[in-house]
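Going in written order, the chains are labelled A, B, C, D, E and F, and every chain counts its residues from 1.
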């Protein structure tokens, strides 16, 4: 169970409800996932984290699906089970196909492999890659 | 300096040259970067790694730029200086703009933050995220 | 289940019991947690690890609660579920409040975020930070 | 060099200068470190990241020095050279002694060790640690 | 459950069956573990990953047991529960004793500890270690 | 430069010299590497860390070279430049060949890749791997 427990809507303060409402409106859903409920014991962190996520994940120079794919790649690299599960669900909602997921995993695996080859072989940065 | 040194084209065996040639042809360049030269003391690993990279990074369900962005995100998460430098250069060659890079970094930072909030708060996976 | 199983007090050798006794005395408890029972198949590692933990976690220039907070921060960063759970329990015993925990998590998240911004943006160390 | 270069005060937009001014005022310094200058090509990320850092690192349930110590512990765990250097400097400014630093490192090392013993031995979470 | 589900032999395409058959022949077993079944929705990744594993894990300059030990060490460092479990089983099949496992864990813990002491203390590489 | 500077033998206390002497005797060398000199400002950590390393890295159920290989694998996975450099040097002194190093790197890369495939695909542990 989450360290501080989960704050359900009906037990939430007005401050927390305002964030929950904004999450539901922004995401066009009536569901608040456990991540937010676990954070909600600290309304300031809840609000700051949500505002950051909302700003960062909005479509911009990169579209929303690309951003979700990046989130999954990092979460898999970091072995964050919760984050892999929740962002895989989000990516599917945004249209991720099985073929895209499989290619995402292949890149994720390869990047993690080559990151270690580079450090293990002590490869120096090529002059032309120094910006 | 790289652990086993760098194998330059003129000193390379036919086996290594064949890989170098394929890298240059596939990437439309006459430059072989240090990563491959450092691996080339082990021609079998060189060939296997290159074949995997070529297959995985080819455009498919995801385009090549998206794949490079994922590579950068993981390399930054893993603190691999070489990989950040080389894949940032690759992504630019494929058209990555400064605005795309900045958004990529924002997502990378946020994902790394929320990955730790999820584990630190011991958030359980929502039933609906269990596939 | 733990790889080598758990060694219960009643089945433990004199060598292992001596460590268990010291853990219980030092921590003013009659409970040995699974971590130590899992290690106990290797009495030398058990003893060395416990002696190190006892020395390192004792109050000194930093108090015991601060040390537990650092332990949680690292365990959350590393996605070690066992360690987050056990050290959160220890920190509570030492008086950690919910407000302290929430701030700890906020710092942990932020540090993990900015660590990746620094590597992703390839920020060079300021001359004045070179000691 | 930083991927997008460093934005110096004299070349900064009004938006960026406002953040720089706030950093200097809040920290009682006339120095902006490279991290912020590297981020400044993306004024929105600059502002969001600074606002988050300012809020999170302010003294609250945990004092500022404790927060800096946690930052160093995580940065060392993540192998972020920039972050170790910059936050060690910050911690010193806030009064960190050599003895505190040495104990911080000992805890950081031990936590990273025991995190891996827990995962490697596949230790199950004790029932009493399940909150 | 695995993201894309598990592909059982009886439901597998000829392409996937060929890999499964090769796994069973090479490993002298009639069991395909979940890792491969989870990958099998992407037959190209399945084949590439298996071919790489088969080539890399074959005895060569290092024997098979040593390679499995290295696999466990990395999996424990990365907090990959699945990988620790599966490679511990493989290592046992190859003759790993409890004493070897315990020493492996001790080295894994120590390496993770000293890796952080080196970064936290900002230790510079000795000239003689620069190859 | 190391955070607290390096303690050279001629400036060291008797306590530190005793550890340095033991390092040189045990390793049959007259060289103390920077790691120990950086730790030496904290003689208690220096002694504890050295005693642990000496005990853990001694030949036992695993030989010394195997232990060094594991150290390199973890250091490369963790992106610890210092540790890769110093343990590669140690392994060479213990007879590591280029072919062994190359295979070590291949396993290190593969393990890091498959660790992420396992977490990204959310593969459940096979019942038979639950010990």
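The criterion applied here is as follows: contacts are C-beta pairs under 8 Å (C-beta built on N, C-alpha and C of every residue); 3 or more make two chains touch, one makes a residue touch a chain.
The structure presented is a predicted model; accordingly, all values stated were derived computationally and were not measured.
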| item | value |
| --- | --- |
| Chain F and chain E - chains in contact with each | A, B, C, D |
| Longest centre-to-centre distance from chain D, chain (CA-based) | E |
| From chain A, the most remote chain by mean C-alpha position | F |
| Angular offset of chain B relative to chain F [C-alpha, multiple of 5 degrees] | 120 |
| Which listed pair, E-F, C-F or A-C, duplicates the contacts of B-E in over half of its pairs | C-F |
| More contacts between chains, C-F or A-F | A-F |
| Chain D and chain E, separation of their C-alpha mean positions in angstrom | 34 |
| Chain A and chain B, separation of their C-alpha mean positions in angstrom | 21 |
| Whole-Å gap between the CA centroids of chain B and chain D | 27 |
| Of all residues in chain F, the ones touching two or more other chains | 1-4, 48-49, 52, 56, 73, 75, 77-81, 85, 88, 99, 102, 104-106, 108-110, 112-115, 117, 119-122, 130-131 |
| Parts of chain D lying in touch with chain B, wherever the complex brings them together | 3-4, 41-42, 45, 49, 78-80, 131 |
| In the complex, chain A residues that touch chain B | 1-4, 31, 33-35, 38-39, 49, 52-53, 56-57, 60-62, 66-67, 69-71, 73-75, 77-78, 80-83, 85-86, 88-89, 97, 99-100, 102-104, 106-108, 110-115, 117-126, 128-131 |
| Contacting residues of chain D [partner chain A, same complex] | 1-3, 5, 44, 48, 52, 55-56, 130-131 |
| Chain B-touching residues of chain C, taken from the complex the two chains share | 72-73, 76-77, 79-81, 84-85, 88, 104-105, 108-110, 112-117, 119-122 |
| Sites on chain E touched by chain C in the complex | 79, 88, 98-99, 101-102, 105-106, 109, 122 |
